[in-house]
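Written below as structure tokens is the structure these notes are about.
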């Protein structure tokens, strides 16, 4: 089993590039929230909501802003962005699995695939013809990669991932289990009441440092590619239809559904269970709140919402009857105002 | 192929602990609804909606409340809870697959894993180092279990399930296909417009007798575990984010999405396609109706809803315009009332 | 790697049964939109929105209605339904993978299964006892088929698909990756606060020419089958619960959730992320728009919707407060009108 790493406080300060005020030899074995951390655990303070927890923390040390150091009863590591320092710290404590380069004996690699010698292919992995797998790629057990794919340097595909033919992943992407990239877009032509399948001839092109959650599906394009920009982060069970284009560093939370040919700008935040339809274009810097339906293009950065908010069901039942009469209501008020 | 079981009516009465009024030797080969059951099938009556069907049923026998026996034209098995008796009955008719203990020749089990001799591992199953698999566990074909997991006695994992490292399942859990447990929580720190990944160092801890539907995803915690209580039932395509806590015997229907750090009490019913966000806490005994968004904590047991109800699209289009003017409307009415 | 097909314009005209006006020997190597097509690509024109693109296209040829031919600067193929002709055309340009009939050496086929000699089973495929696989079926890598299934002629199952026991697929179905067919319906009986599992004894019966998207789940019936009609097209991440019945040629877009025992007619269009609950029946020819909740039966063909439409979040916050006061508002207006 993998060993969990540990460090001296001094080592952590060096690795994170932070000023340390405290015993450099303190041994740190893990990270914990301020109110739960013990004497060998490090914590962080970035949100004023937890000020009380800071005052009474028993952590070995706390990462915090210089101006908060005076309130801290224990050793400090000073950072202008403690939450980002925590992100870097968390990566240091990830239990390292010994990844053995090479192909597991049960992996099935097409003779026409090119797999870098440093790549690690797990049990029962299948790699199609013409696929190129770069250095330091890790593909976990039972994942299937189609033909003509390109997997960039340092990508990590978790178990049971499926890539169809013709999918390109940039460098340092992470793809979680049960996700599917490159499945057919949902396209049919009607002819006398039947649906004729439109073959989906485009591919999927994904940038660098993209993370794709578990159970997420990204369809291939109809004629041209579906395109995901650099640094995009996609949560679990997101559906991205054919020919969607997503700009750099946009974040898409769990269970959102993005219909075909939608265009989303850079630096957007699409919260959970959002629907985006009607071939809309969303400009850079837009936030859409949870469970909203975007059915028209958005041309001004800002925050957008739909829905009714939660009520007890008895009142809700009355109000939804009234919702159906809203237009009529406005006419009645107009009558009243005229009088 | 597996044989479908059959029983005499007498045997069924004994196994279910019910009083039989009818021919004990009648051979019962299956279960069917009241209006479809034939002369060797048993049925049940628990909902008054089907009273007409009871009167004319041709079933061999009917499970029903003692007070309903007089209306039944055929043999009866009397139960104070006929629907619960039907649940037990249904299990008796499940076609038993001969599960052979041991590891299929193609299963890949890490030498540092501990697998009970009575466990059955299907073809291409992969088990990581340090994982402990208890008695009578069944893991079906092509499922992948990470390192450091614990799978309690009598669990059944269907094909193509993925467990990441450090996932604990209690006893007698059922996990359906394409579900993923222990994938990374969706956590990033912002630094100059980029998203730094926060390593997800917690695990997932799941109680006894939990059922997890097909295509459901449960993320591991950031620092501490994501926790699912005993007897929780989770339907298909549910998303449970990092550090969610779900109380005992709560039911979550298909396609619901529960955002990070949500806390849900015991004995709740979360209907289908519900969204739960904003780190809310929901007390015990709450029901949330389908497609509602819970964006604030709920402290009183009861039924809660959101949404507008369905209309024909032409009226709906008019009413949603009015919805956007609602606040203005209230002001206009206030003006009218002042006059 | 697979070769991409190419054709002379004459060959395409013959294969599509269309009248050609242009150089029959022109070599066509692919399809592209009107504004992107080059001198060896064919395009199509079916939507007036792209009229400008038609006038300036540099495609080798365009498929269009006879009455539009005069506006086209290049060769034409005349069709009364250009979009349907495009669908047929797209299939001609699908890169053909050489599918080798037979079983990959790593496939695990139960001795009691019957697999047609023309069927192609990929690596690590698992086939259960009593399952019958017809001619020209293709089952891709790492898919698992339970016992007692029937897979009709010409079906294609992509990688990592799961079929439980007792699932029937008609002819020429396509099933995309990570989908699950035949998982247990979500059924429990309550007994003293606990949930007793109801064994799901029905199967799933799927018609001919059905396509099932990636990550879609279709549960088996409780006593009788879940039934999907002929020609039904189901997109990604759709959830279909036990005993749902879907009529012929109905289309269900991504992320919709259809609760148990719902009945949907023929020729319906269920848009994305729709919820259907309460055991409703929907008649033939109904369209439900995206993210609507259907909580009552629909007996008249037409278009139906729910939701509030999108606003900026600041106004939205005000309006949802008012939504909760709607019923009260109607009473206040009634008062005003009385005066």
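Descriptive notes on the structure:
When the chains are written out, they are named A, B and C in that same order, and each has its own residue count from 1.
In the analysis below, a residue touches a chain if its C-beta (ideal position, glycine included) is under 8 Å from a C-beta of that chain, and two chains touch if they have at least 3 such contacts.
Note that this is a predicted model, so its numbers are computed, not measured.
Two copies of one sequence, chain A and chain C, touch each other mainly through non-matching residues, since under half of the numbers at the interface are common to both. Between the two copies, chain B and chain C, the Cα superposition rotates by 120°, quoted to the nearest 5. Mean C-alpha positions place chain A and chain C at a centre distance of 26 Å. Those residues of chain B in touch with two or more other chains are numbered 106, 124, 142, 160, 178, 215, 237, 255, 273, 307-309, 311, 321, 323, 326, 329, 333, 336.
Those residues of chain B that touch chain C in the shared complex are 1-2, 30-33, 36, 81, 83-84, 86-88, 90-91, 93-95, 97, 104, 106, 122-124, 140-142, 158-160, 174, 176-178, 211, 213-215, 231, 233, 235-237, 249, 251, 253-255, 267, 271-273, 290-291, 307-314, 316-317, 320-321, 323-324, 326-327, 329-330, 333, 336-337. By the touch criterion given at the top, residues 106, 108, 112, 124, 126, 129-130, 142, 144, 146-148, 160, 162, 164-165, 178-180, 183-184, 186, 188-191, 193-201, 215, 217, 219, 222-224, 237, 239, 241, 255, 257, 259, 273, 275, 277, 289, 292-296, 302-309, 311, 315, 318-319, 321-323, 325-326, 329, 332-333, 336 of chain A touch chain C in their complex.
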